[in-house]
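All chains are identified by letter, namely A, B, C, D, E and F, in their written order; residue positions are counted from 1 within each chain.
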Amino acid sequence: MIYITRKEHFNAAHKLFNPNWSEEKNATIFGKCANKNWHGHNYDLYVTVKGEINPDTGFVINLKDLGDLIRTDVTEVLDHKNLNIDVEGMNIMPSTENVAIFIWNKLAAKISIMGGTLHGIKLYETENNYVEYFGE
Amino acid sequence: MIYITRKEHFNAAHKLFNPNWSEEKNATIFGKCANKNWHGHNYDLYVTVKGEINPDTGFVINLKDLGDLIRTDVTEVLDHKNLNIDVEGMNIMPSTENVAIFIWNKLAAKISIMGGTLHGIKLYETENNYVEYFGE
Amino acid sequence: MIYITRKEHFNAAHKLFNPNWSEEKNATIFGKCANKNWHGHNYDLYVTVKGEINPDTGFVINLKDLGDLIRTDVTEVLDHKNLNIDVEGMNIMPSTENVAIFIWNKLAAKISIMGGTLHGIKLYETENNYVEYFGE
Amino acid sequence: MIYITRKEHFNAAHKLFNPNWSEEKNATIFGKCANKNWHGHNYDLYVTVKGEINPDTGFVINLKDLGDLIRTDVTEVLDHKNLNIDVEGMNIMPSTENVAIFIWNKLAAKISIMGGTLHGIKLYETENNYVEYFGE
Amino acid sequence: MIYITRKEHFNAAHKLFNPNWSEEKNATIFGKCANKNWHGHNYDLYVTVKGEINPDTGFVINLKDLGDLIRTDVTEVLDHKNLNIDVEGMNIMPSTENVAIFIWNKLAAKISIMGGTLHGIKLYETENNYVEYFGE
Amino acid sequence: MIYITRKEHFNAAHKLFNPNWSEEKNATIFGKCANKNWHGHNYDLYVTVKGEINPDTGFVINLKDLGDLIRTDVTEVLDHKNLNIDVEGMNIMPSTENVAIFIWNKLAAKISIMGGTLHGIKLYETENNYVEYFGE
């Protein structure tokens, strides 16, 4: 069993705002992240796949294929988008935690079909904070 | 003459969109950066000051004072904001080039009063592109 | 279950020196780290908390609260200090390993009160070496 | 139980090429990595050792000794080499996965003799992809 | 006048070897870099263009166009190649210095046609050494 | 004319304290940097040399020789030292500015003898502040 990780990027706008709360409560809980006119981030995404090594290739999974999958199913969906408005299927507060789970759900089944097992999603929102999700 | 640089951060939303152009022309020129619902970045800002060393302190300029100035006059103005909407005095397309010049104009006179000379602004929009401005 | 990590910094002086040993033995075991007049480092600290996502916020833990806790209980205690002399309660050789455990002990109970579970401490002494501690 | 990691570097040439396949199949599977005249990388290697802390030193393992071992047994063997031709004992496709396992096998027994337990090898081939191996 | 920089990557093999010298002299001067079977690097390339800001776009130069030019004229020419053998027109020792000048010569005229002025090439061979060339 | 830069590291303790001032004034001006028991940093040092390319080697200067010079004349002098106490010839407040000039003075003449010209010293005290000195 060996683990391989691919890094990709996307840039997006979002805000953290709970519509069931007053503006005051949103400002108290979310601080500047509640700015009604949005803010944004450069997100760094690390996708880790585990599996056995294929003796013909030396690969757990072909990184070119994994990179293509991440681009078509994740970064083209999220890059230069507003995570609160523009992303089909993301019907949830776009905290880093929820975006990481959204990405897991986009990739896990397709990576299984490619012969690997999705092990983890690591998503940096800034260089000072990141989330990891392992599917359980 | 010696040069000292201070790094600060801010996160913001923006879009690149020329209101004198059609949507098609905006999309052709600005690509995904023209997304009407915004996108955003983690900006890294480097402010470089030059001057003579004060023999009492060993400093060109006190970095704590410089950091305080950058925070009050730049990062509190730009952090978690929408650069097209929220920033007083930024009445211009918020390209990295124009944001760098906006920051220069915010800082140059005040750094002179503190006894240094603003030498340059370096502004990273992503880890793959940055702008430098030297005031002329 | 999801994991969120916050990065903070502190700068400190220390030396590695066992008072039960001769100067020669200290120099043999600790090399330049035994310099009697101290040396120092920029420490990078990563604090990882795990838990369930709060559906009202999308958060495991509010990062602003976590950051405030790390600053009051860890970085204000260690930053610009001499780890052998200045830190109340650190009555032990200030190796990276022991400093990581010291930080764990400062944070674990308070993070539980905030509703999360401290998962791990990762402490970089230089960019070429770091320690991880998971509480057991 | 605590974990300590040491980072080292090496630069090497390699190609990915299966001699049982046609040139066309190699190009299809390995893309530009199959270039017959080689290409190369700056590899970043992280070696993680776990163990109990020695109360006399505060160390799991003396990092100077660990660094010396990695240099004599790994980086002097791999640095500025062609991984397909120059490395005794590496009789396998030099994918990042296989190089990571090769490094594990070079280090695990010797780290046990030094009193620690090799926990993991993390090997970056580029800043955008890395492999982790934990010995099982 | 403002300066904008675009970062790109390529991976390549090379060796440093002067055919007019003996193997011994090559080994003395170039050390491990003279290994006859090649070694390689991940090169990081920074291309800096200067110019006036176009008021319609806020740009010195459209970074998408600049990125396309660097990819077609530089990284597709150098990526996953052997710099001693595979690169048409590079009839010179592939030291970092000479590769930087080769890249300058590939780009300067075309950037002029695009309306900017090539200001500098910065080429990292490893994270510990880089070359800068300003065309004179 | 081309520029080549070599990066090296050292770790050191220091404090900023003017003995002609009261403790209160030192604390006001230098803040936590005045802690009487020292603090410390991981310093990153970039040494830039300019010159013509030697056609026999493709080099401005042999980086191995430059690295050896920096190690013997700078990093062995400063690494794991207390910059206020341990460094012969550094009879000055060890601000980053003054340490950068100290390093320039150690290297400039010897680099001339090696056939290059020292162009600049860039010294990072933390990832958020650095000094540059060009000898005038």
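Everything that follows uses one rule, which is that a residue touches a chain if its C-beta (ideal position, glycine included) is under 8 Å from a C-beta of that chain, and two chains touch if they have at least 3 such contacts.
It should be emphasised that the depicted structure is a prediction, and the values quoted were computed from it without experimental measurement.
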Fill in: Steps in the shortest chain-to-chain touch route ending at chain F and beginning at chain B
1
Worksheet entry | Intersection of contact partners for chain B and chain C | A, F
Discussion item. Spelling it out: a chain qualifies if it touches chain B and also touches chain E; which chains qualify?
Written reply: F
Worksheet entry | Per Cα centroids, the chain farthest from chain C | E
Item to complete: Give the pair among D-E, A-B or B-E whose set of contact pairs overlaps with that of B-F by over half, matching residues by number.
Response: B-E
Worksheet item: Using C-alpha centroids, which chain lies at the maximum separation from chain A?
Response: F
Practice prompt. Quote the value, from 0 to 180 degrees and to the nearest 5, of the angle by which the CA atoms of chain C must be rotated to coincide with those of chain D.
Written response: 120
Discussion item. Distance between chain C and chain F based on Cα centroids, please, to the nearest Å.
Written reply: 28
Worksheet item: Any idea how many Å lie between the Cα centroids of chain A and chain F?
Response: 41
Response to the item:
Residues of chain D that touch two or more other chains sit at 127
Worksheet, complete the sentence: Among line, ring, star, complete and other, the chain contact graph is other
Discussion item. Going by the touch rule stated at the top, which chains touch which?
Written reply: A-B, A-C, A-D, B-E, B-F, C-D, C-F, D-E, E-F
Response to the item:
chain A contacts chain B in the complex at 9, 11-14, 32-33, 35, 37-42, 79-82, 85-86, 126-127
Discussion item. Considering only the defined contacts, which chain F positions touch chain B in the complex?
Written reply: 16, 18, 20-21, 29-31, 92-98, 100-101, 127-134, 136
Discussion item. Applying the document's contact rule, which stretches of chain C touch chain A when the two form their complex?
Written reply: 1-8, 48, 53, 56-60, 62-64
